[in-house]
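Given below, in the form of structure tokens, are the structures.
Next come two complexes, and both contain subunit A; in the first it sits with subunit B, in the second with subunit C.
On to the complex of A and B.
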């Protein structure tokens, strides 16, 4: 069995099993916790509307904070949008998902995917630099932050190297790229990358609680 | 003068081939094998001095496709002359003799050229039950290849079966078939995989052996680097369509008619090392991708067993859905258990209030 066969077969199966197990563990583990009782009278009806609003209101910082954290948001959006575009509209990636869902969709030319990957990679390094340079951010960063950064960056680096054929041996490079994605998937449920699932829940919860107390109107 | 005593230069002159044509041939071979142009005169001189090389071609567990490809590939050329120049002392499919006389010719060739003959092999060798599943003239092919290898200067495994086991070794591999280099480990071995292999690769390898007295530089799978360094994808004329994101979605859609990339239809070009894209088959007429079918990856080990030929390369090999369902169930159970423990802990801290 070559490294590529391992990456496309057993490694993928193991990674997906760990990913699915971890995701369900985390989701059920948190949702089955005892809910905090709010004994106060609701100040207004339809707290859920506030919850929905919260999803959008918190997608951009409160105006007075924009000069301070605006760049951080922009960099974050570039990273997330880049990740989304490359993952969904890169032809080899689409074919991976098409094999699961049973239908194909339109993809972007390789050159565009390469350009988006480079922009995303630059944004990832800007985010890391900001984390290292800013004393407060550096202080509150732990292993999880750096692991999440590394595991998100690695598939971009290896993917670009594969696309540009920069490896001494193409198949080994492709295998390393695929394995780097499986590493990301394995780590995903157990660290801060889980925010992909939690951000909706936490924004909704915050929004609906604020609404109940009379905010988010 | 006997044919065996003639040098290649003398043989060429006898057949009316000019030195200019011979140099053109040498330049062609040198270029296909990435030998520097400055080496061409030296290569030509060395080749012209070469004596008739004894070649023993053994066909083991095979389909004869390799020899069909090599002998029917194109009209007679100087390359064919090289084949004429070697002394093909034994070849099951091509020789006139049969039975005891054929074996006698083989033994004589081995004896007369002990330590110097070149063994070409097509077909895999079964190992199971002492190799009894593939036998010629009362001798298993396992015994035969060991006996031949002893007096060989080098061995060239022709085709994917001889190189890696090929279709004979495909799951469930009932005969325990393997490639030659898994049996013979103490001789120079060169693999020329492909189903079938490319005739020009054979010409190049033979020419190189005659000119330099050694097999050419090989990669990690013992394939000549000169022909197997690049992937099909690297040299494919449809590569521009891949880069532009233009693909055929079925074999008869508009994309297919426009000659778009066949990646979505399962082409294995990106992970297949061979020279088909540049040399093509039938004297440069066409090759599988030009004919509208994706590369099967036939020059790579275990290509038969790598799932469907029509599944895109980036699609994973899923295994069973049960494993994922069990993982989800185990995740739910672990999550519930974690929540129960947390609730107990909350109760303990709050004293049940």
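On to the complex of A and C.
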């Protein structure tokens, strides 16, 4: 079995099992906790509307905060959009998913994907530099923050190398790219990458709690 | 420092802010306990009110650091340790190690070290001196984490581990022993009601057997701003309400809640609830006090174990309703006014529109600060911070920022509806030569009541 066979075979299966079970465990571990009912008389009905609203209002900082964190949000959006575009609209990726879901879709030309990847990589390095230089972020960061950064960045680096044929041996290079993705999936449930799930839960929780009272959202 | 509990210090009634005198020697550790015991007590009490909501918040932080920029303490100090989420770091660490869904991983691999007493001692300043639980950090957080609630839980833990700042411990002890944190015993309360009744020639109602409305006061009003009592009485009399003060249920502050002792919190809330039930009250009016609003309006029913048999309103809500119903009419005040929102009433309480309605009825020109309403910058004195002498320097600096925002509106008059904020404005205003005065919304209404309308 070549490294590529391993990457496309057992490695993938193991990674996906850990990914799915890990996420399930972590979400259920929190949701299973009991929560005392709030008996106070709500100011208004329909707390869930506030919860839904909360999902959206925190997607961009409120006006007084824009001068302070606006740029950071833009960098964040570039990273996440880049991730999404490359993953869904890159032709090799689409073909990979098409195998699973059984249908194909429109993709972006390879050159565009390369450009998006480079921009995303730059944004990732800007985020890392900020984390290392900004005294606040530096103080509150831990191993997880750097691990998550590394594991998100690795597929971009190895993917670009595959695309540009920079590996001494193409197939092994591709295998490394694929394995870097499985590593990301394996780590995903155990650290902050889970924020892609928690953000829904947390924003909804605050949104609905305070919609009940009035005040902040 | 030793574990001796020499916490007895006298109240300082001369200063503009109400606290105890500056301790000559600080005792910021209480009780005789071994280090292990302290840690155990801390963690046990932290975990006590832990549920799905707090666990979600503990899981969600992505360490983006945005919250620092919303916090009045970080903004004033620039010290990264004052980053909101960092204030609960030891408890986050303990959660991950002991309680989260991945605790077994962290524990077996020792990825998160055990929290130590020294660590908690170092965090005392972060949890008590540099957080008012104002909730502004939640607004900026991309994950909407309610850090103020987590700080509250961490404070509960610290209290039970005997790791509370000296002054705060002293006032809490006074509240427990004397029924009031700031010397407003039932006798003092009665004397002051009588005094205000004579001085302002208003009819006072004390200890009536039957009344529709029970009126509460906080120690700060009783001791520093007794005019509140006269103002409330004047308005209620004018409206022809059946109301009363009760010497067996008047203290609106709840030191059980503050100190994190749920049994005391319940006792203190039950005093009020029992008094209200005894007289058949349909409404309990809370004074201009932010913390009282949290304690009774939002936590009262949870202490009682069922919905409260009466309505609870902050005085600003009561006034807004009275104006809406046409029950009171106000003279027009030809002034521009900037309103300072008390965090616990507005952002965390939801009564933000009420004072604005009242000001509209006064016909003033309302000028919002650059970051007003639910977005308001905290005055830096809530959550007991104002009692701690060690915290003064930073508190004045925060107030400097606050003054700049208020002054920038160019308003002629400043108004708020929390007497704790008000005493912070009085104290800091004197210190920083602000040259302006913070007024009470309630007193403003009482002073401008159209009385012949009846």
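The rule is short, and it goes like this: the second predicted complex is superposed on the first by the 214 of 217 C-alpha atoms of A that agree within 3 Å, B and C clash if a C-alpha of one lies under 4 Å from a C-alpha of the other, contacts with A are read in each partner's own complex, and residues count from 1 in each chain.
Keep this in mind: contacts are C-beta pairs under 8 Å (C-beta built on N, C-alpha and C of every residue); 3 or more make two chains touch, one makes a residue touch a chain.
Since this is a predicted model, take the numbers as computed values, not measurements.
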{"item": "Subunit B versus subunit C as contact partner of A:13, first or second or both or neither", "value": "first"}
{"item": "First (subunit B), second (subunit C), both or neither touched by A:137", "value": "second"}
{"item": "First, second, both or neither for A:145, with subunit B first and subunit C second", "value": "second"}
{"item": "If touched residues of subunit A are counted for subunit B and for subunit C, the larger one", "value": "C"}
{"item": "Which of subunit B and subunit C A:29 touches, first, second, both or neither", "value": "both"}
{"item": "Partner chain(s) touched by A:21 [first = subunit B, second = subunit C, both, neither]", "value": "first"}
{"item": "Contacts of A:198 with subunit B and subunit C, given as first, second, both or neither", "value": "second"}
{"item": "On subunit A, the residue positions that both subunit B and subunit C contact, one per complex", "value": "25-26, 28-31, 33-34"}
{"item": "Touching residues on subunit A, where the partner in the complex is subunit C", "value": "25-26, 28-31, 33-36, 38-41, 43, 54, 58-59, 61-62, 64-65, 68-69, 72-73, 76, 134-143, 145, 190, 192, 194-195, 198-199, 201-203, 205-207, 209-210, 213-217"}
{"item": "Residue numbers on subunit A that touch subunit B, as the complex places them", "value": "2, 4-5, 8-10, 12-13, 16-18, 20-34, 91-93, 95-96, 98-99, 104, 107-112, 165, 170-171, 174"}
{"item": "Complex contact set, residues of subunit C against subunit A", "value": "49-53, 55-57, 59-66, 68-70, 74, 80-81, 83, 85-86, 89, 100-102, 105, 111, 135, 138-146, 297-302, 304-308, 311-312, 346-352, 370-371, 374-375"}
{"item": "Partner subunit A, residues of subunit B touching it in the complex", "value": "231, 234, 242-247, 249, 263-264, 270-271, 301-302, 306, 311-319, 323-324, 326-328, 330-332, 334-336, 338-340, 342-343, 346"}
